[in-house]
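Letters A, B, C, D and E mark the chains as written, and numbering starts fresh at 1 in each.
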């Protein structure tokens, strides 16, 4: 059908975003909402390749990958009516370097940022650093472009260049975005997050509905055009004509992060025993019910991603209690120290996988202690290495592997080793995509060798969508430009 | 004269505390008898159910998940393939234990507070204020905050609910203590030179046992409901611990697919709470109709 | 202000001498002068009746002497020792020697304690009859008040009002006291039972030489039982003296009115009488001078100004009326 | 039915039985065969110990029994102003409402609680007036003021606007009397109206009742347990014991020559200075009635007083003695009344 | 009378101070760092420390307490860490659904409960009484969230008569928003009516046995008038008390109900605030709700003084 202009959609989200400042948070929810309001210089295309957004085109990379010269699009205006130029970009990137965690990560490699003319920005690196463009493109702790005069921290008013702008925010009630009439879409065809962004919808309202069942019920009752993050158990309930199931396949991976710094699992042998003991298939069944929603897969990126490889994965998926017990004994486990698994019920599958894992670990001889806390407590406790041995989380498949949590030395788990540093350094310094894919195989091998985390498998995300909502492309961070409502 | 007689007589009738007579009087009321029978059944199920059941309450069996009630699994299985009836029994142990423990905690706290406030004039004003202040917090709200503060565990839920319900007892105990303190038999004990702790224990506390018991059954009921509510909100007992509350929370997602997961624990709560209230009501009517006011 | 009690002509030493006793209760909206300068004595082996209308402070006098209510002034000498000045610890031995019996036979016994335990507690509080000696002692006490030993294992509610009152008396007797304050012990009892208790009290006095302060509002009971009588009104003593004198020749208008208005079970005895007008004033705000003057048929201007002192009107007989001499002379008393 | 009631008689209670029936089948026979008559303008006292059924009798007449009280049998014949005789035991609720307050009024023992604390005394009296007569509120209030004056409340008009708690017990009892008499009933039932009051106040109330009776000519059924009060106020006396009338007599006869051992015991156990104190001050011991009143639910099969009776004979244990008529208006429920 | 009022007022303030202290203590011993939550999963320890300092979370507790008290005195309930707005504003913006939910459930509960309670007491022991008492007890035994879920299933999902959740989007009229409250009000109202029935019945039983009721009957008054004028007026105070307290309890019930129905009310805010470790909001909400309770109590006390001449003295 032909796209139609007009209409309002209600989107049920998993909660209230802590902030609308996309730089200030790495929470997915912040990215989902704010990507409609703010734009970055680059973004990701359909196949997760970096494509220009506010940048005119892909940067010119010179001096052996150390200097990035970026041409900006002309005639882009902010929601407050002012035009965007390199001064805004410069100020925004500076803010990003200090405020955003990913900006800080990038800043370590950046020597300088300059604006040689109003339409150009130049970034000079200390060393070649391949992940830079991905970092600039990412909508999470995002390098969004703000008007130079709006640099306050915390952000005072959300003014961006995006296709929609904030009309009203009632925390816990809704975030109302309306079409920004001064928006000038790109002229190239829509391509994932990139390309032309059409503003068919008049309004997008993000409604926080933290309770998954309420999201389901609302969707079934036809209240929401789109409901995010539906528990897979409820797939069968998405019937009745007012809503339909929408699966994003594959979405990401559940992960058991291990504490390599202190406690029981600081010993790599015991981490290996955990890896040996766990049966991912049973965990995935418990978490996701049917193979429609999961795949048993040890590779850090599933087939179809450029980063896919099978290095080291033969250590995955054994679920062998005896072997694990033997390994555990050899590692000198006292049989009494509890293995503390920190998890929450914010995401039901975390908890369910924890339950199953606990059974397998017990079979291998571990004393298991399940600490089920709320998500807020979890995010706090995992900062303290004294409090846990494993915590459970998940992540979408990120376009750039170096953005993955465990790859950061400082992220909870605190995985650091010579082998890791070496493998990652080589990977980051390379700019040729094909070579990088190969180098990532080495990284994955170290991952399976040192077991800083356990990748449970791949899982698909389930969402509920009204049949009337058309032109919507499933995405890990759903976006609603280019979508329209059938009347 | 008449007033004295008629005020004391119903209480006196109840005081035939040879236990037996009271039990008989209780059983004479059909509703109370029904309540007691239900409680007894639940208790039996909780104590012996897991021992008799062929299923383990915790062992996972992912092949048989979400099975509807059948001959093998009388009440069906849950999302981990565990037998609901068996889990219901185990959960019953915990739910009942939680309820009972809350009663014990709130009784220890509330009775102490109430006795101190009621018996010692000097402590009365500040303690009465404290009790008032504690009463001002709605139970679930306060419990949520406390559990959030202490962390979700069985012990902490018990502690939180114990604190939440303590003022209810404290208020009743204080009010009755204020009255009993002035009664001639307490005065007689003082005139005899009986020590204060002994007066408090033998003369005051002993005579408060009935209202405390009545209030305790209601607290028991409220605590079970509150625990379920907290678990439902995800701020109660750790979800890996089976209680009726956590079972409901767990079953909620399968409302459509496997309604039995949520239905049976819900039914258990309703039955247990109803039974407790029936018994409490009966006790109250029997022991002191005037208590009805304080609920 | 009020006169000290004069040395009694009787050689018997008073076991209790109350002088100028005052007990005031401070309430949010004022001070209740429940007892306001009361003096009297109780001699060994005698029963002193304390009469007065409701709220006149009879109970408070008794409770103050036993230190169950906090006296605010005056002295209460028990064998020469001022009880009101003693610390609670030094009071303890006196708790054995002074006892109290209450009006309400229902609330004066702990419903949760068996009779044996009630008496046992009394014995235990002063280490009397310990161990094996206790059971026989309890049986003996029960027998003394006309109950059976097997009653020890029963609860109070299994007894009638009169029986309960006997248990209360047994409890008081358990510690072998020298003085008993009996606060309206028969008011709550039916007439037919009341006489049983009155006879019991008489026996006890004879047998143990007990002294007793007997609070009552039934004038005929007091007349029958008591050797001396103290008439109270609004916290003060109006008149006191040997019963015979007070009843035959009351020397205070209040006493006279009280006696005249008390109904007598004899239709032939219907008399002309002075019915007092009005109500007792509030103890929060008692009248100035003589507290009785607002209801007194003989009140004069002076009565509002001066608080009448206790005046001796006969041997051991005192009246607190400014005009009593004058009225007596005029034949109005 | 008229012929069953002598013309000068206002009320005749005949063999009234009022029981409290419980589910268990147990019944408290609180009133079990009570008969007496009240003549026009006369005061009849009903005397008896606590629990003897005095209140239940009066409430039966008013038909104000609390659940599960039931009039089981007997009749309560009442003659109204028009001369109509009705059996109140069988009258409809509607008939009773019309009678209450106009023909028969009642005052109760507890002056402290018998008035509604939330209405002024004036309103409560005016309400009584307006329930039975078509008068305006102002007029009713004016009349209420008059009634308060009649019962000798000082500054009556001002006190119309007082609430009960502003008044002392004696005053409230006066208000209750004013309320009861507001519609000039022909019969006033007073259930221990002075028991809760001090002697000096009791004397005031008794005087007041006597005066009002003289002025208004109503009959009074006066319930008390105080023999002294009986001696003061009554013309004839009904003595009750354990739910039954045991003796009925003109007041002078009763005190001079009791014809039932219980009455005799009652008199002997009441201290009486003239009788009990010798000229030298020596006290004659009182003669108490041994034992205590049996519980109403466990009466002996024969005479209820038999276990405590000095005159008891074997036949006393076998059947309940009938009410023997000894003389006009003189009855005794004792087989051995001759022995007294 | 003025003295009585002042006395009560002082008592109320003392209670409030204790309430404040309790709230402060509870919330400060709570683990879970608001700063960590706000910064998201990949925040560094240094960022978190920074943010903590910014919110004053690093100062000693007594200092924080005094600051908090001083702030309260100036009407400053603090700023929500998570929402970035003043707590009072955050609460205020959520007051509407909670207010109407409470109001409707209360109205419903009272409408159901009063007649039943009065009639039950009047016909004590009758079949009606037994049925009413049993049903009331059953209602009090049903977890309110369970009832809510059932109602959603039946009336929203199956029948589609009412919205399943939420409170309407922007630009909806009040009437449309209130439509969202029908089901929650029913769920909550039914459960709370149980308490009011029992209280009404008990209070009526109490006064129906009082002497002045017998006096009223002895005047020859009809039953309706005896019960509704003389008895009910005397029972009104305890009934009002329980109605007032139910209002406060309803806030507690609203926590669960709002969560089930996804209503953006105060209860929901509190649950979220607990999950977000938003200290000032929890403090503020607990304080406001407890304060409301204390105020309602105070109002009832004042009402007592107005209605009951005995207390007025």
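Rule of thumb we're sticking to: a contact is a pair of C-beta atoms (placed from the backbone, for glycine too) under 8 Å apart; a residue touches a chain by one contact, two chains touch by 3 or more.
Chains and their UniProt names: B, E = ABC transporter permease; C, D = ABC transporter ATP-binding protein.
Note that the coordinates shown come from a computational prediction; the quantities given were computed from them, not determined experimentally.
Path length between chain B and chain C in the touching-chain graph (shortest route): 1. Chains that touch both chain B and chain D: C, E. Of all chains, the one whose Cα centroid sits at the greatest distance from that of chain D is A. Taking each chain's centre as the average of its CA atoms, chain A and chain B sit 46 Å apart. Per-chain Cα centroids separate chain D from chain E by 52 Å. Separation between the centroids of chain C and chain E, computed from CA atoms only, is 54 Å. Look at where the CA atoms of chain A average out and do the same for chain E: the two points lie 40 Å apart. For chain B, the set of residues touching two or more other chains reads 1, 5, 148, 151, 235, 252, 255.
Residues of chain E found to touch two or more other chains are 31-32, 259, 274. In chain A, the residues that reach two or more other chains under the touch definition are 374, 377.
Of all residues in chain E, those touching chain A in their complex are 31-34, 36-45, 47-48, 82-85, 90, 93-94, 152, 156-157, 160, 163-167, 169-170, 259-262, 264, 268-269, 272, 274-277. The touching residues of chain B, counted against chain E in their complex, run 31, 129-130, 132-142, 144-146, 148-151, 221, 225, 228-229, 232-233, 235, 248, 252, 255, 266, 269-271, 273-274, 277-278, 281, 289-290, 292-293, 295. Put simply, chain C touches chain B in their complex at residues 63, 66, 68, 91-92, 95-96, 98-100, 102-104, 106-113, 121-122, 125-126, 155, 157, 168, 171, 175, 188. Of all residues in chain C, those touching chain E in their complex are 28-29. Residues of chain D touching chain C in their complex: 49-50, 154, 168, 170-171, 198-204, 206-207, 225-232, 251-252, 255, 265-274, 276-277, 281, 283, 285-290, 292-293, 308.
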